[in-house]
Amino acid sequence: MSAVPQRRYVITFGCPDRTGIVARIASFLAEAGGWIVEAAYHTDPDSGWFFTRQVVRADSLPFEVDELRARFAGVARSLGSESDWRIEDTGERRRVVLLVSKAGHCLYDLLGRVASGELDIDLRAVIGNHETLGDITRAHGIPFHHVPFTGDKQDAFAEVAKLVDEHDPHAVVLARFMQILPPHLCEAWAGRAINIHHSFLPSFMGARPYHQAHARGVKLIGATCHYVTADLDAGPIIEQGVIRVDHDDAVADMVRKGRDIEKITLARGLRWHLEGRVLVHGNRTVVF
Amino acid sequence: MSAVPQRRYVITFGCPDRTGIVARIASFLAEAGGWIVEAAYHTDPDSGWFFTRQVVRADSLPFEVDELRARFAGVARSLGSESDWRIEDTGERRRVVLLVSKAGHCLYDLLGRVASGELDIDLRAVIGNHETLGDITRAHGIPFHHVPFTGDKQDAFAEVAKLVDEHDPHAVVLARFMQILPPHLCEAWAGRAINIHHSFLPSFMGARPYHQAHARGVKLIGATCHYVTADLDAGPIIEQGVIRVDHDDAVADMVRKGRDIEKITLARGLRWHLEGRVLVHGNRTVVF
Amino acid sequence: MSAVPQRRYVITFGCPDRTGIVARIASFLAEAGGWIVEAAYHTDPDSGWFFTRQVVRADSLPFEVDELRARFAGVARSLGSESDWRIEDTGERRRVVLLVSKAGHCLYDLLGRVASGELDIDLRAVIGNHETLGDITRAHGIPFHHVPFTGDKQDAFAEVAKLVDEHDPHAVVLARFMQILPPHLCEAWAGRAINIHHSFLPSFMGARPYHQAHARGVKLIGATCHYVTADLDAGPIIEQGVIRVDHDDAVADMVRKGRDIEKITLARGLRWHLEGRVLVHGNRTVVF
Amino acid sequence: MSAVPQRRYVITFGCPDRTGIVARIASFLAEAGGWIVEAAYHTDPDSGWFFTRQVVRADSLPFEVDELRARFAGVARSLGSESDWRIEDTGERRRVVLLVSKAGHCLYDLLGRVASGELDIDLRAVIGNHETLGDITRAHGIPFHHVPFTGDKQDAFAEVAKLVDEHDPHAVVLARFMQILPPHLCEAWAGRAINIHHSFLPSFMGARPYHQAHARGVKLIGATCHYVTADLDAGPIIEQGVIRVDHDDAVADMVRKGRDIEKITLARGLRWHLEGRVLVHGNRTVVF
């Protein structure tokens, strides 16, 4: 996980487990001169499915990413995997669109990471159902679109979708966006829409999780970064974090303490997603 | 929280919040020459209820604990609290009975703490619905009673109750006891029966929480130490802990990793209970 | 710790331990009608010093803060404490000045907390020895002063001191300011200058702690928020945090992961300082 | 990391990094029909050294472990590694000897793990420089040897070495053994002698780390599991853990709280060592 922004190809691949998969993929790469800088494997014992993520130095291969994809397709096919693979080129910066509401902590955090160069993404736009966070977004040089949700929600979502889709983003991040995505957008953005939920799921699904947590008297509160699916707060979990609370913490204190966990958990999950580390398998994730 | 086993009186007290409570209690103690070594306060803003725990050096008072109780009753009454208070004498060692089944990790851990003197309790008996843990218990010099649950459960619980109640214990610990306490025992041991549940409640209540956690694909698993109530896995929470898991962890790995959190969370919750640090308020706890 | 911004007086007090201190203070407050909303006590067994922090609702007292101070002085004196106490009025917003260099993560984080209202402070100015963070600071409406340190450091520090002291700040925060404060400023700002060091002190004092941590092969890295003293990286510790690293983490990864711990640990320590929760005792702190 | 005790061969290997290593090893295994159930890779960017750990199902290979070693030697040689590799057979239970003193928490913990089957090792003997922990060890059916250190230490260590070496153990665990191993034993047991130090190294090396931690006023205390080298408390770190403390914690409280971290950190490090997950590289470890 070096921070050097060397160009790399990230291969993620899944197929039914059997003998010789690693040898097949590694030999294919070795024959082309590919220098593997990261490699991770996992087999799910329940489903017998094999997963791998391989990162290859782009300059070690004598051809471009399209040719790599074309050649790898044959390898994948020979291992029984027609479509469960992907090769991404880190030379193409990751395009991201953020959806926000009024709460700014996740947005501020992500803007800071982008500004400091820590998160090297192409942040195309921020879309808010309130104008609240417009100024700070624009101060960072990022376009901000205000799409009010006070009228017809279907129309509002249509406008959001239009503003998002024109960027063909690698990630659509619901950074404390307080609206529930309609099923057709969950479908359209499957595997790309990432939400941060302010509880340690599956505890306290739905509205006002900190109020629920306070009422139950838990001693730790948490946050969950997950892919958005039509099943509310039930999508595949990418990352979770927790922080201690005690009897002195009113709901307002939980809200405050929880923010730190939310923003860090979201930033971590987003990074992993954009680095191609997260492979979805049913309703669970493999995070390499 | 010094480890010196000096004799102390532990006062826990609750009353409706108002001006002057601290002054009233502190003046009462000061007039008697009481040396306060620990003092903690809390007001629940929702209910307007005030809580305090005060620890006084026994040798600083010119009278015994019964006289302290008699005098304090007047103070409590003047503050509107007839019965929501207790004074415990650390000179009387805490009596504890453990209920176990086959899984030994919590028992081994508690026996080790007792043997090393870390947990200075009067461990009266261990009761198991299997014989599995009998030898190790007896090797520590603790009586072990095997009460089979293969026949009539009502009879078995009657025997358990008899074996427990003869010790009038300050704590009845369900140390991975796999039987559900009947309502009348929840009632009889209210505020004294402590359970360790192998999940981060309220997630994964009921049976096989690690299987549930694995199926949901969570990234942290946990354990919850709570008072037992007739409402299964829903009693007031004393303490919770978590540990990270990832996609490599099968259910068996979660079970193994979870044990460490279970035993530590239980030991911590039990210690706090026995030190009079846990005040129950509705379905929540104040832990001083 | 309610989030309601009710006006309060925060009393912090220390004196030699003896019987009756709590009674004396509590009675004084009760007689004036003072409504205590938070109270914490501690006695250091080594030095026999007693500490307390009491928070009183301003509207419960029939006089202003100056009168409270005048009256409390007598109480303090009667308990043997001429000067080891302070009464702060939360109605007077806390004035803060930040010192920064090029690394922006702590600054971004604090600006975000101020902008969202989470950290309700009067952020008077940001002073940088580089211009790097000027734009973002000004975008938040906060004055930014660039004081180059390329020439005579003594002159530069004189200018920094002038820019800081005109605000008479409650806290001077070295938010990854890469210059070592000269002894006379450590002295002048004693108990107010707060630093965030990017290691788990006392490990890896001095320069390039992440490089040191990497070379030693530690499995956790950390950050330490502490008061600045003339003894470099050795001042009283307010708060510390850690995060896991492994063999995959190069120094650059440690730097990146460490940022999250640095910014959160600093924000937490600063909040506690400004709320009057931190009492310094020798080279240690009591954090109520 | 399935808990199923299937027989496996664990290959750990290091060589100078270059293209084609994975392909070479994976092809070798695939040609023999080897079913890889775990595979992990790492390259140290500073030294350019490549590391891997591969776990193969024993029943997938048509020959025994000696033949596997013989054949693999050729692969290793072809990759420039004469001796930096090892193949272990999980069919041969790991032999372990424990060295203890008076403090029992780590011993109790390990005995409990062995008794419950969680730690499936061949615990050959416990050697104590005091008799204190003899009874509990024998109650678990494990031989206990008392070797007093009151006389000539050289003689005592000679006897310890004799008692240890007759078992040719995979691990010699200093489970809070309070004696410093002489250099010749550090040498003889290099890579097998594992210590638990009761501080977050490199903080507080040497004697009485909790006293040091208390004096410095840290807010977290820790424990470090590391290989023993002649350089006291400076050997390669396997695992570290921490726990929060505050101003209320006297040294005795730190000692008590620290025990839980010590025993868990040691158990984790020992497990990883015995599973062949820990590769030493200079003074650092790769933990797969």
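In order of appearance the chains are A, B, C and D, and numbering begins at 1 in each one.
Note that contacts are C-beta pairs under 8 Å (C-beta built on N, C-alpha and C of every residue); 3 or more make two chains touch, one makes a residue touch a chain.
Quantities reported herein were computed from a predicted structural model and do not represent experimental measurements.
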Touching chain B and chain C alike are A, D
Quick one: chain A and chain D, Cα centre-to-centre, how many Å? 36
Distance between chain C and chain D based on Cα centroids, please, to the nearest Å. 41
By the touch definition above, chain B meets two or more other chains at residues 2, 45, 248, 250
Among line, ring, star, complete and other, which one matches the pattern of chain touches? complete
Contact set on chain D toward chain B in their complex: 1-4, 103-105, 108-109, 111-113, 115-116, 118, 136, 139-140, 248-250, 252-253, 255-256, 259-260, 264, 267
Help me check something: in the complex, which residues belonging to chain A touch chain D? 2, 19-20, 22-24, 26-27, 29-31, 33-41, 43, 45, 60
In the complex with chain C, residue positions of chain D that touch it: 42, 44-45, 200-204, 216-220, 222, 236-242, 246-248, 250, 283-287
